[in-house]
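These are the structures in question, set out in turn.
You will see subunit A twice below: alongside subunit B first, and alongside subunit C after that.
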Partner chain A sequence: MNWLTSYLNLASAYIKINFKSLLAYRGAFISQMVAMFINDFVWIAFWCLFFTRFPVVKGWGVNDVITLWAIAASGFGLAHMIMGNALALPGIIMRGELDSWLLYPRAVLPHLLLGKSSASSWGDFLFGIVVYAIFVKPDLAHFSLFMALICSVAVLFVGFSVFTGSLAFFMGSAESVSTQLRIAMITFSTYPSPIFQGFVKVLLFTLLPAMFVSHLPVSALRNMSMIDALYSVGGALGVLAAGIIMFYVGLRRYESGNLMEMRG
Partner chain B sequence: MSKYFYIALTSIRSRLAYLGEIGSKTIFLFVVLYIFLCLWKVTYAETNQTSLGGLTLKQMLWYLVVTESIIMSLPTIATLVDQDVRTGALAMQLVRPLSYPLNMLAQTSGERVLSFALNFVVGSIIALMFVGPLDINFQGFAMFLMLLPLSFALDFTIYFLIGLAAFWLEDTTGLTLIYSRMTMILGGMLIPLELFPEGWQQILRVLPFSAIVYGPARAFVTGDLQLFLSVLIQQVVAILVFALVIRIVYNLALRRVFSHGG
Partner chain C sequence: MENAVSAVQLAKNFVLKKRDGLRWTESEVKAVDGITLSIERGQSVAFIGPNGAGKSTTIKMLTGILHPSSGQATVLGCVPWKERTRLAKRIGVVFGQRSQLWYHLPPRDTFELLSKIYEIKKDVFLSQRDMLIERFQLAEFLDTPVRKLSLGQRMRAEVACSLLHSPEVIFLDEPTIGLDVIARQELRDLIREWNREKGVTVFLTSHDAGDIQHVAKRVVVINHGRVVLDDRVSRVRRQYLSEKVLSVKYADMPESIALEGVKTLKESGHAFRFEVDTLAIPIEKVMTEIMRIGSVVDITIEDPPLEEVIAHIYSAPPTATEEDEDEETGAEDE
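Right, the complex of A and B next:
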């Protein structure tokens, strides 16, 4: 229990420090947040237009897609505003920059992930919550479940980023592959899940676990189904476990970069 | 003019050295086209229609191949201009016997042509795999080939203007993002204009966004002569207007350039 409290304190300290460092470049931070807000909003506009013309797609309406976007954006945002280094993992491994993280008396992976906050992710996080509150107008029960599912999706995104980023231990230059896989995962996560069938559906429950971002959380919120919510959490924990295993197995292959680095 | 042609050619050659990087982006193209195929397949089936907005499912996917290829081939024009302004590299460009805007046009056009060609080839292979060949006529293809360079030129003028805004603004990335997203949604990249609400369509047809994305793509899949002529006129007028605006803004901006030796 002491161990958990210690890591929660560490996480809280890192969140504060990272937020302050983002505020040091206030203009850039705000503009990145606003830019991400606009970017996400364009997709909501697209779906509103689409559903104006075609009101239902395989049982999904405009509110379901807005819910989907809200969960995906906020989940992704929460993951990388707290653990921003998850996005930079392949580059860190490839350039041998893990050395400095290995010296700390902390578990390498959580400490490394907490080391940076992604500015644009704050925009994603706020966007999801604002859009859900304004367009879907949830009651307290729905909003509480929504917030819980955001945490589940955030865990999944961290796990997936760690998994794909750890490919760098095995492939060397894995930045491009990792980015492409992440983009594919995000893209599949932001479309109504019933349009995918057959082999692709299996793929989206396994290698590109987008169904744990789109299908299950939306179903959980629509039907207030605790079973679907638990499946979402289970899937997210599974992906996180896979990411952790991949990282520590890969870490055994890691060779020091002999890189002199100072962290302020 | 030949010097600008050679600059464009050199740009293509230098980008050829990074073909792998451009190629890796086509994975995203594959994902997007596959997802849109699934979405439209379901939509056509649920509405029991063989044609939506005047396009069959096959035409819709080919339309998306063109629109996605146009959008995904975009070079970072505004960022390049912004950096030249901010770093002062623009002053170095001014002493060369070249027009800075035309030099930038040639450089980025070379890059865009190569990137578009690669995206279009990969997109066509994907479309062939999923829906088969498009019943294209020579007329439609010729129209597309005429509209495409003008679409690139028009897009360039707007991004160049955004880049020039760096003379007055602290950061132009927000403007770039807003413009690019407006092109995506209002230009018909995701949905053809015919599927927008009736009231919007007339407005969207006269905005420059549709001349960049929708016009060339629609002409490619339908070969509609009337559409071709209206898009052509729209493109030429818009390019002339934006070129004039660039001239005015560029001359104003140059008054703010201060350089010193070193």
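Right, the complex of A and C next:
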């Protein structure tokens, strides 16, 4: 367990320094956070209007969609406010910036991921929690499960970002592909899952694992189903494992660069 | 004594892809072509070469960033690319073009973070940090955001950061790049001090002859990925080029000097500057002639500037036998 304590210590040191670094430009940080909060809220307003016209879509009501958005936004936010470099991974690989991370006495991937915090992700994270608490009004059990599922979804998003970002080891310039895949993942994660059937549903359980963000966690919360919650966690760990394997296989092909670099 | 760094036939090839019409063709580029090198603990070595010679690639292999294509290397007994994390605790690295300082935060915060990364005990960290603050004179800007520091201050903090975990070997890749004369001199003095007083092995790459002259006692020159020279800095300067520069001041106008191998570089009043080719004429014969032609008030004999020596070495074409010879001329420390 020593490695876990050591890693948690490191993570807490990075969260602290990343937060300090964001606060160095307080106005910019707060405005990014607020902008993301408003952006997410516009979508909730849209879904609320939609459900006043069509109260039920294949068994899903407005509370299910709000839950879905709350989990997806908070999970995505938690992932990238702590491990913000997951979003920057393809650029880091492509520009040869992994060099700096390889010089530290730490496992390179978990260390690298902690190196940055995405300012707008703080807005996503807060949005999900506030919206779930205000609109769904959960009891303690639901809220606890909700928080646990946020962590599961965060693990999944990190794993997916690492997987797509690691394509840069094989393709060179993979920033655009990685961004497109991430956008697709977010898009499919934020629509009611019953509308996807057949081949698309299979796709969303495998290559674009959006069902582990939308279908399973919402079902787990609606029915307080521990089985669905465990499937969600299992899927998230599977995606993370795939991302880690992809990264370390790719790392063997890594060729470093000579660019100027600054941190923070 | 165990070597701090040792490399045998270390090589790295990169694959270069080129588009030929609709097809892609691959070719191999040799960045490092069989470097053999050993550095004892406590030595200060300048590892120099022109751009593209393979310096940075060699450093990256020795620090575990890159896997070599062939050959072997150990740093402090560790194979860098296999025992990267174990080795990282025992070495420090400064890349002049890369910073480990947090741009928007003061150096103090980076020190704190590094203590967690290297898992340094609190009391050890505090005493080491305070000692570095004092020796590197960081106190005045320790709480100033890095973005507001001068380049000289930033590089001092940068080097101090890389010494926080008390490394046994420090790799410095162009640490003085972009610094002004004073900041450069300060940094050189600090690195030299750390090498001499703490016994830290210094492995320095630089394009600045002053860095090499002031910090290193041994110089390894690489070109085209191969070692082309490995000797003591003082000996390289004295022996590699045969010219000496003599500055002579006479009391009165002397007779003119006419010796083969002696060239007048500059003449100003009664002062002369001669370049002497010691292969063509012994220096003592020139001295005798200088004393004979007039009454000498002052005289100095200088080695040629190191820049000239380096430029001369770089311009030499690669030969197949140079590396074998270099192995035999392993430098001894003063």
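The rule is simple: the second predicted complex is superposed on the first by the 257 of 264 C-alpha atoms of A that agree within 3 Å, B and C clash if a C-alpha of one lies under 4 Å from a C-alpha of the other, contacts with A are read in each partner's own complex, and residues count from 1 in each chain.
By definition in this document, a residue touches a chain if its C-beta (ideal position, glycine included) is under 8 Å from a C-beta of that chain, and two chains touch if they have at least 3 such contacts.
This is a predicted model, so every value here is computed, not measured.
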Partner chain(s) touched by A:188 [first = subunit B, second = subunit C, both, neither]: first
Touching partner for A:102 - first (subunit B), second (subunit C), both, neither: second
Touching partner for A:196 - first (subunit B), second (subunit C), both, neither: first
Partner chain(s) touched by A:176 [first = subunit B, second = subunit C, both, neither]: first
Partner chain in contact with A:140 - subunit B first, subunit C second, else both or neither: neither
Subunit B versus subunit C as contact partner of A:14, first or second or both or neither: second
Subunit B-touching residues of subunit A, taken from the complex the two chains share: 27-28, 31-32, 34-35, 38-39, 42, 45-46, 49-50, 52-54, 56-58, 176, 180, 183-184, 187-188, 191-192, 194-197, 200
Complex interface listing, subunit C residues touching subunit A: 14, 56, 60, 63-67, 84-86, 88-89, 93, 95, 97-105, 109, 112-113, 116-119, 145-146
Footprint of subunit C on subunit A - complex, ascending: 6, 9-10, 13-14, 17, 20-21, 24-25, 98-100, 102-107, 111, 252, 254-256, 258-264
Touching residues (chain side subunit B, partner subunit A) in the complex: 21, 24, 27-28, 31-32, 34-35, 38-39, 41-43, 46-47, 170-171, 173-174, 177-178, 181, 184-185, 190-191, 195-197
